[in-house]
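Letters A, B, C, D and E name the chains as they come in the text, with residue numbers starting at 1 for each one.
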């Protein structure tokens, strides 16, 4: 009764599962994971350097906002990564739960921290940016608000997992909440949007330059790629730590 | 066997209501809490009627949310602590039915009383009868959502220390849509949120309980 | 004999802090809970800066009250349930000291962190540095009051006899003055409430514990 | 017939027991003994399906209990260390509710007789909160008096009971076995059972 | 010398016992027996001052314990049905803290030795949450190993323990009596004590 992945009830499923299990057994993956890390870490470092250079020295000064706008090169990719990683996290968690693949669940835990971090960065850079542009550290703009809530979702997930000390249970519980969360994310965004348009008074439209200078766009894209590679590297790193910790736990 | 489910379900409801009745204290403190929070705001700010009316919906909704939070993480925790959750799980009834029964009972006790008292509190904020009616409706549809989401949170944090708070953490962000729509006075949208919650939340909670006892 | 009191008190504090540390989740989630609640209010109303500024005090105070309440009613209940409260009472230390030790520990862990985070949240409501300072002060003086009153309530509700009702009905109203003064930003009045609470609440709590164990 | 095949139980990171296979036939009682921490409670929880064995299966009439789910639960009665008695309810309410929840409703005066049998005469309507440790335990046990489910799973069933208490419980188990029921009992005390075939599993620490 | 004079205990509206007088001398053990609900726990709680007798007094060295308060509490060690073990703490922490709280600090390796004596070797640093019922009970009992307070008040001390567990507890009580300590023990099991003068009070239901 404890196992909740309905799939295990089909005859034969057990065998397939146990194969999966062997195939995706953490110890087997451990060395591979470690070998992969530098392949993502180094390129991301290079791209960061490049992106920041282009963004802060090559890209032209914005005629409206002056140089403040350059925060965008960190802010926007961070915001996007934040959202993306949440979806990924839920995916990994659910798969790990349904098919009982430990690595997948560990992956979810690893993703949660990085995702939360990016979201936090987008919040911080956002409000850094908001001060000069909107004259306030914080504005209840729809996008900002929903990002904030996304951050809370991350926090809930992390809090739950850290507070449960049996790893298997933590994985499964996390999967449930991640699944519920990811279903809710669109509804939340929608509701916040509705709320924001309900009180037009408060909405601050983020003024969109009609044409972003190509160098700006380039810088943005480079930074985006850099963040991508960075996340992969960091997540793999965290994954290997988690594996090490848990396997060690099981050996001891 | 199936024939019996009705009987068992009746016993479950009877149990829950009886317990709620014996624990009047919890019920009352939830209500008292609700009333105090709601009455506090007019006290803590300049009594300008327009201002008050504009925050009424929000204050009532958030307070309702909090009042439900206060009690509900104990929904399963008590039964878990004294071992009767084991017994509930081992009844021939599917666990989902048990969850539904417990949440229903919660709604019939705390939920209803919160809803009934709200119009009175609305008066403090000089709500028009029309606004009041709308608010009551939105609460009537919204509070079940809050209860169901709380059930999931409570189930996930069974036996976890500080479970109550963590449950709150998990649940609060999920409550945003119903909060926004409800406080915004859009009853139909609240209903739209309720429907899927009614369908999925009990299963999620049941799964969560299984996981927690693993 | 007296010489030992210091030692025992140190062990008491060590115990409480160690437990708090083991239940990091508790502390951490009390904070997150506080932050979330504070951020939810604007979602439920018209987020125009003037309105927000005018309710900021109320919101932060109510949320603080909640964040304390959610955790603290377990303050003695846990120790009661597992029998360690009996042990605490039977230590050679006077019961009042034990109560003071526990509440102090609570303040040092959850209380302080709530106070420290508040100014940040003030930003969301566009509070002026001046308002913020005032708010922080009122919380610094007010949260001890909330904790102490909660301690009394928790002690009364031990073992959930009919006492629960009385506790809720006594404690919640007692919180109202500090809430109103604090939310109204009147620091000196909050201080005026704190003084007597500091003196009497621990005795009341100690007495309540004795009564509940009867 | 209740069969366990190659059960393995891992709690945290330590294997509590492995390769445990046995079967209990109608009219048979399986007594679990062993030092503290040897896995009696774990085993019983696995047998009722509250816990997953890390390996191996439990089957009832040749079917895995995981698939039987409700059909299996109708056949078992479990009493654990923590005896799910609600302190806010009276013994009578506790008993009637737990029976009702299991689909075996029991009339008020049957309930009263069951409680009397367990030595709670004229305490039926006091709140369980006001009863002593052993008396609460007796409420939980009163469930067994008119209980006809095939499998009893009893953990530390004699704890906190006085002599008569123990005897009446033993009498109940006897009767159950005589009716062709099965019982799995974890206990540190010897079970002075007269009737029924016996089987003892000694779990190692 | 611990003396009880004409104790009466009324719980709710029923008199549990009345006119109960006895005294326990150094090196003497008072065993409380009696059916469930006969008042053993109540009596012990009265003897530690956790409960007020509805009539009568308990005195220690001729002084009413109500006036002695702290000075009395330094002389007693109480273990109840519910052994205040914190599940978030390790056995080691549990033991050291409870000793420290009673003003009798105990060094780490004394603590370890006490736990080993109670059969918790190499489990000292696992969280109590992960221990079995009996193992938790043993943590609470480890307190008695290096305990020099004059009066031990033990309620249902043998519950949930296996054979060895019971024996080591009995050995502890023996040693305590031999050192001239006093013990009041409520139990349903016979106490196989060799040493020390005995006294048994049989409470009626």
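Methods note: contacts are C-beta pairs under 8 Å (C-beta built on N, C-alpha and C of every residue); 3 or more make two chains touch, one makes a residue touch a chain.
These figures come from a predicted structure and were not determined experimentally.
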Least hop count linking chain B to chain E through chains in contact: 2
Label of the chain whose CA centroid is most distant from the centroid of chain A: E
Most widely separated chain from chain B, with each centre as the mean of CA atoms: E
Top-ranked pair of chains - ranking by C-beta pairs in contact: B-C
Distance from the mean Cα position of chain E to that of chain C, given in whole angstrom: 35
Distance between chain centroids, defined by C-alpha means - chain A, chain B (Å): 31
Centroid distance [mean C-alpha coordinates] between chain E and chain A, Å: 55
Contacts with 2+ other chains: residues of chain D: 12, 49-52, 81, 88
Two or more partner chains touched - positions in chain B: 23, 81, 89, 160-162, 166, 169, 172-173, 176, 180, 184, 213-214
Multi-partner residues of chain A (at least 2 other chains): 1-2, 152, 155-156, 159, 163, 166, 192, 195
Of chain C, residues touching chain E in the complex: 1, 4, 7-8, 10-12, 14-15, 18-19, 22-23, 79, 81-94, 213-214
List of chain C residues in touch with chain A within their complex: 24-25, 28-29, 32, 36, 39, 42-43, 46-49, 123-124, 126
In the complex, chain B residues that touch chain A: 89, 152, 156-157, 160-163, 166, 169-170, 172-174, 176-177, 180-181, 184, 186, 189, 193, 200, 204, 207-208, 210-214
Residues on chain C engaged by chain B in the complex (per definition of touch): 22-23, 25-27, 29-30, 32-33, 36-37, 40-41, 43-46, 51, 54-55, 57-58, 61-62, 66, 69-71, 74, 81, 157, 160, 162-165, 167-169, 172-173, 175-176, 179-180, 183-184
Sites on chain E touched by chain C in the complex: 48-52, 69-71, 73-74, 76, 78, 80-89, 93, 97-98, 100-103, 105
